[in-house]
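Presented below are the structures under discussion, each in the form of structure tokens.
Across the two complexes that follow, subunit A remains constant while its partner is subunit B and subsequently subunit C.
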Partner chain A sequence: MPLSLTDPHWYPIASSDDLPFRHVYQGQLLGRELAVWRADDGNVNVWENRCLHRGVRLSIGINEGQELKCQYHGWRYANRSAGCTYIPAHPADAPARRIENRKYPVREAFGLVWSAANAELPFAPFPGAEAADWIALRPMPVNAAPEDVAAALARLAPDDQPAEMLSELVVRLAPVTWFVQPVDSTRAVIRGLHAGRPEAPLTVLRHYNEMLTRLRDRLERAAARKPQPAPLQPVFEQVSVDLATMPDIAVPRGNTIPVVVKRKWQSADAIMGFELAARDGHLPTFQPGAHIDVHLPNGMTRQYSITNGPGELLSYVIGVKQESTSTGGSQVLVERVREGDVLAISEPRNNFPLRRDATRTVLIAGGIGITPLLSMARFLDKSGLPYELHYFTRLGEQVAFRSELEVLHGRVEFHTGLPREASSARIAEILGEYSFAQHVYVCGPASMLETVRATAAARNWPDEAVHFEYFKNDKIIDNSTAFDVELARSAMTLHVPAGKTILEAMRQAGLSVPSSCEQGACGTCLCGVIEGEVDHQDVYLNESEKRANTAILTCVSRAKGDRLVLDI
Partner chain B sequence: MPSSLDPVTRDLWHVIAATDELPVGMVETTLLLDTRLALTRGSDGAPVVWLRSDEEAGDEIDPETILERLPVKTAYGYVWTSLGTPQSELFPIPEFAEPDRVNMSCGSIGIHVSAPRAVENFLDMGHFPYVHTDILGSEPHTEVKEYDVEVSEERDEVLATKCRFMQPRAALSASGSIEVEYVYRVPHPFCSVLYKSCPEDETRRDVIGIFLQPMTEERCRAHLLQSMIDSTNSITELRRFQQTIFGQDKPILENQYPKKLPLDPRAETPIRADKSAIAYRRWLSQKGITYGVIPQAG
Partner chain C sequence: MITLYDFELSGNCYKLRLLMSILGVSYDIVPVDFFPGREHKSDWFLCLNPFGQLPVLTDGDLVLSDSGAILAYLAKKYDPTGQWFPDDPSVTAEILRWHAVADDITSTSSAARLALGYDYNFDVEATQKGAHRIFRIMDEHLWFGERDGRDWLCSPAHPTTADIACFPYVMLSEEGGISRQDYPALRRWTDRVRRIPGFVVMSGIFPAGKALETA
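And now, the complex of A and B:
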């Protein structure tokens, strides 16, 4: 039977020993090259051996333990999902979550790593696999057709004890079971599993190695004499249309994902931790600073930052503040949601992208604002990049996620119970004088954000170096104006009367427009402005972005004049 | 000859050797577009190129006896030939003729990748901090700022302007980090010319040319030209600098997969920084180039 690119069978592609930590092994199966690597959590990744950007082999990439970094342009891909988490050429934009490398199914068993060209068949151990402990022999690559290699292995059996063909490419010649890994139509690797630990392991290993060397020489001589089949031609999957065009800065709203509340605990006074686990497999890639929308049982939606480190995709951990004044958002989570419950969450979105090329990264958190910064600190920590984390808590308030913070290697400082003036002075000290490639990220109560922004501005920090995320827009929205919007791409003109938002007017006209917080904080409804002056009322865009007048949040902002032309 | 040899590629001038390195009266051999060529130089200095049959490199030969010759041009220190009917002129690099410039060939380096992949790498600024660390780029300067790209109809070339990049050591004559301004031209499907701000003279620009000789669809030779304003460094030092840069690109290029350049925009994931590469791919596609590329289906 000729080899097929779509052969769904599982084959060994590496020995477990081939995958030490912080190494990328180049595997091969059915004409494809694979980048095979073990993450620090033990998970083995089997990916197509190409960076999605410019096709460079990921097997020459750098394994950072939870992410793989391409050597060509520094793109990073996450453990488990193979999703891209960072694009250094545009560090201020979070890459779209859906940039994902092609990956293959993987199982590690009996000292070997197994994979298949597709996930059609579940992994099944070979016959008799459970009956013994197995030791992987040294593999032997052979330049010969895989079926010829299997046949030659079978012929090694003595006449009185014929080999047992467990399948087309698996031969048992007790005590060894031989697997032929089909690399290509003319190439194979012989991988043997020896049952039980022999008394003189070195002698036994050497015996099989010499035997396989002789077999290889014979097979390669024979293969050179006969016509060679054409090599398999791997098919490279196309990227999606939206990725092939210039990427947008805003990520569209995706579908919801069901998650199970795996753990719920008191992380600090009035702060509950929730671990939301995937029901099956792993959750989507997120970038440090990203948040999810959590759909609550009472129909409300609230945003929470993901606190996880890189490549931790089996569950997301969020922190929820119990607020006595809460109108039912977080209170529902804290009081009504129990372990085992199923919730719907959105795909992660990132309005708070972290640069990973800074010379100095300062993270400033206030209270529950620690959540996105914890994730950022973990990413920087794993990559060995310098950072400092300052966590301000009020008197009597406790530090949330303390044990998670204490295992970090960077500079982590707790500032407790400082009065407002003292906090401001401390923040000024922390920021210091600005110099190029310093970045500060801040998350906390609005008053703290304002302090950091004002202090940074006074110390000549440019807007681009001060990063923050509001979950709430405390400003009073002025919606008293009336104007027209022309939608350039939709060829439509709408009137926006006083008391109604652009977003509402567009929806009323039958357009489906993504939005999330609807208070000018999350950036989901961002769209381009072609003409007209914008009356910005959001807290999402920074001052220079607002001055540029090229984007608008349609949920709160309006026109200063009587007309706006939007790129939608 | 491969079936993918399109008429446009066949009729182009292609670089094959550095003029100075071509021996007089002795056969040199090379490969161009899967075609074996032999070449030599007459006593008048003029190169002679023909389809190779049984000649071997190093054979002595009287160039007068070679009757069936391929077209030949010498330009920018290199010998150019064509397998078809080339236009009379090669693309212009006027700076080359300026009297106070140091013009030099910086060697010919074989690379196992298609010529268009090598051109695209030459146009790309995003890899500087990672591949040419501490020479052409370094962290934290990883950002590729917006730049302009146009396909000039009149001159039939891709032109990228206002490209700016922070470089620790942009040229041998540079001391310390400077923001370098680049202009890239792609005046030929397999050649590119780069103009960069010159550390020694603010009013002028250094010129670096890369001329790719497509040997097969997956293998090429890069011939490098430097035309510099540099009064202090020796030609050997200037050459070595450029060869260091190229030596860093080579292993990355040879790990690009597939080796031919895919022209379908959906084959790889472009970002805004890749504007010039996208324009280059589209330009090749519109010209009908099929050699060394994976054409867009349909």
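And now, the complex of A and C:
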């Protein structure tokens, strides 16, 4: 039977020993080249051996433990999901979540790593697999057709004890079960599993290695005399240009994902930790700084940053502040949600992207604002990039996620109980004078953000180097004006009366528009402005973006004049 | 003062840059236009090395050629730990055996690279076949070494000049159309070489990621 690109059978593609930590193994199955790597959590990834960017082999990439980084252009892909987490020098500094490398099914069992060309068949152990302990013999690559290799293995059997053909490419010649990995139409790897634990394993390994070497030489001499079948021709599907070059910064709210509250604990005074686990498989790839919308039992939606490090996709950990003045969002999570409950969350969105080409990265957190910065610090830590994390807490307020912070290798400083002026002075010291390719990321109470922004501006830091994310807009929204909006692409004009937002007016007119926080903080409803002057009331856009007058958050901002033309 | 007569894209010159970087030896470079200028066959160069081969290294009045010989010289003279070229007679023999293999790798893997990338008139198929023959032996040697707890080509528990000598043209084999897919143990060994403190890169030889720190 000729080999098929769509053969759904599982074949061994590597030995477990071939996958030490921080190595990328180069494999091949049915013509397809594979990059196989073990993440620090033990998970084995079997991916198409091509970076989506320019098709450079990922087997020469760098296994950073949780992410695989392409050697040439620095694209990064996450453990488990193969989702791209970073595109260097990208205008948005962050890729769309849906750029994913091609993955193949994987199972590690009996000392071998198994995979298949597709996920049509579930993995099934070979007959008798559970009956013994197995040691993997040294694999033997052979330049010969896989079916010829299997036939030659069968012929090794003595006359009185014929080999047992477990399937077309699996031969049992007790005590060894031989598997032929179909690399391509003219190439194979012989992988043997020896039953039981021999007393002198090295002698056994050498014995079979010598036997296979002789067999290989015979097979290759015979193959050289035969006409060679054409190699298999797998298609390497490249990611489309629009996805690779210009992803959306705000992905519209898609379907929700159910998660189980796996753990709920007091991380610090008035800060609860929640671990939200996937019910099945893993959660979507996220970038450092990303957040999720959590749908609460009372119908509200709240945004929480993911604190996880790279490639940790089995669950997301968030921190929730218990506020006495809470409007009910976080209070519900803290008081009513218990371990074992199921919640709905959105896919991760990133409005707070982290650059990884900075010469100096400064992370400044205040209170619960530590959550996105913890994730950033973990990503920088794993990549061996220098960073400093400054965590300001008030007197009496404890440090959240302390044990997670203490295992980081970067400079982590705790500043506790500083009065306001002292904090400002400390922040000025931390920032220092701006120089090229320095970046500061800040998350915390509004007063702290203002201090950092003002201090940075006074020390000549440009807006592009100061990154922050508001979850809450503390400003009082003035919605007393009335005006018209022309929706250029939808070819309609709407009147926005006092007391109603542009977003509400658009929804009433039947348009489906994405939004999330609806308080001018998250950027989901961002929309281009073609004409008219915007009365910005959000905290999402920075000063220069607001001055540019090219974008508006339709959930809070309005027109200064009587007319706005929007690119929607 | 040490001076290296160097061609940046030569794996044999890189061996010396690599060892000197690991040993922290400072040196000057005199670039020699090996390709396309063929400066290694020019009169002034043939006075330095009548064999007309790179690299040449001078240390004061001493003029040395042959990368393997120079590796041994540098290690003997500038490695205070004595690890890179140990005095133990049996280890010395092992190292010299692998220096000879390194020359075989040059005449096969490197020759294929010169034929495909530098217009040299070598039999590509024969050189590729020769390289595969050596890589099969090395992979087997390294695979059984791992079973024995040996990470390097020779028996000491640390790398020697044998590892430096064999490394470059193994890493550059793809430029000669020689895949290393069939040599997983050889690929793991190249990770280890690239993690030696003081490792430097050359075009086509990139760094490995950090090893996992185990507490």
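In this text, the second predicted complex is superposed on the first by the 555 of 568 C-alpha atoms of A that agree within 3 Å, B and C clash if a C-alpha of one lies under 4 Å from a C-alpha of the other, contacts with A are read in each partner's own complex, and residues count from 1 in each chain.
Everything below uses one rule, namely that contacts are C-beta pairs under 8 Å (C-beta built on N, C-alpha and C of every residue); 3 or more make two chains touch, one makes a residue touch a chain.
Small disclaimer: the values here were computed from a predicted structure and weren't measured.
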Mind working out whether A:52 is in touch with subunit B, subunit C, both or neither, as first, second, both or neither?
first
Now for A:388: first (subunit B), second (subunit C), both, or neither, which partner does it touch?
neither
Just to be sure I read the superposition right, which of the two partners does A:71 touch: subunit B = first, subunit C = second, or both, or neither?
both
Between subunit B (first) and subunit C (second), which does A:358 come into contact with in this model arrangement: first, second, both, or neither?
first
Using the superposition on chain A described above, determine whether A:60 touches subunit B (first), subunit C (second), both, or neither.
both
In the overlaid three-chain picture, which partner chain does A:138 touch, first (subunit B) or second (subunit C), both, or neither?
second
Residues on subunit A lying within both footprints (that of subunit B and that of subunit C)
33, 60, 71
Can you list the residues on subunit C that touch subunit A in the complex?
140, 143-144, 146-148, 180-182, 184, 187-188, 191, 206-212
If we count contacts the way the header does, which residues on subunit A are in touch with subunit C in the complex?
14, 17-18, 20-23, 25-28, 33, 40, 60, 62-65, 69, 71, 138-139, 141, 189, 201-202, 205-206, 209, 384
Complex interface listing, subunit B residues touching subunit A:
126-127, 129-131, 139-144, 251-252, 255-258, 262, 264-273
Within their complex, state which residues of subunit A touch subunit B.
33, 49-50, 52-57, 60, 71-74, 87-92, 99, 236, 238-241, 243-247, 355, 357-359, 436-437
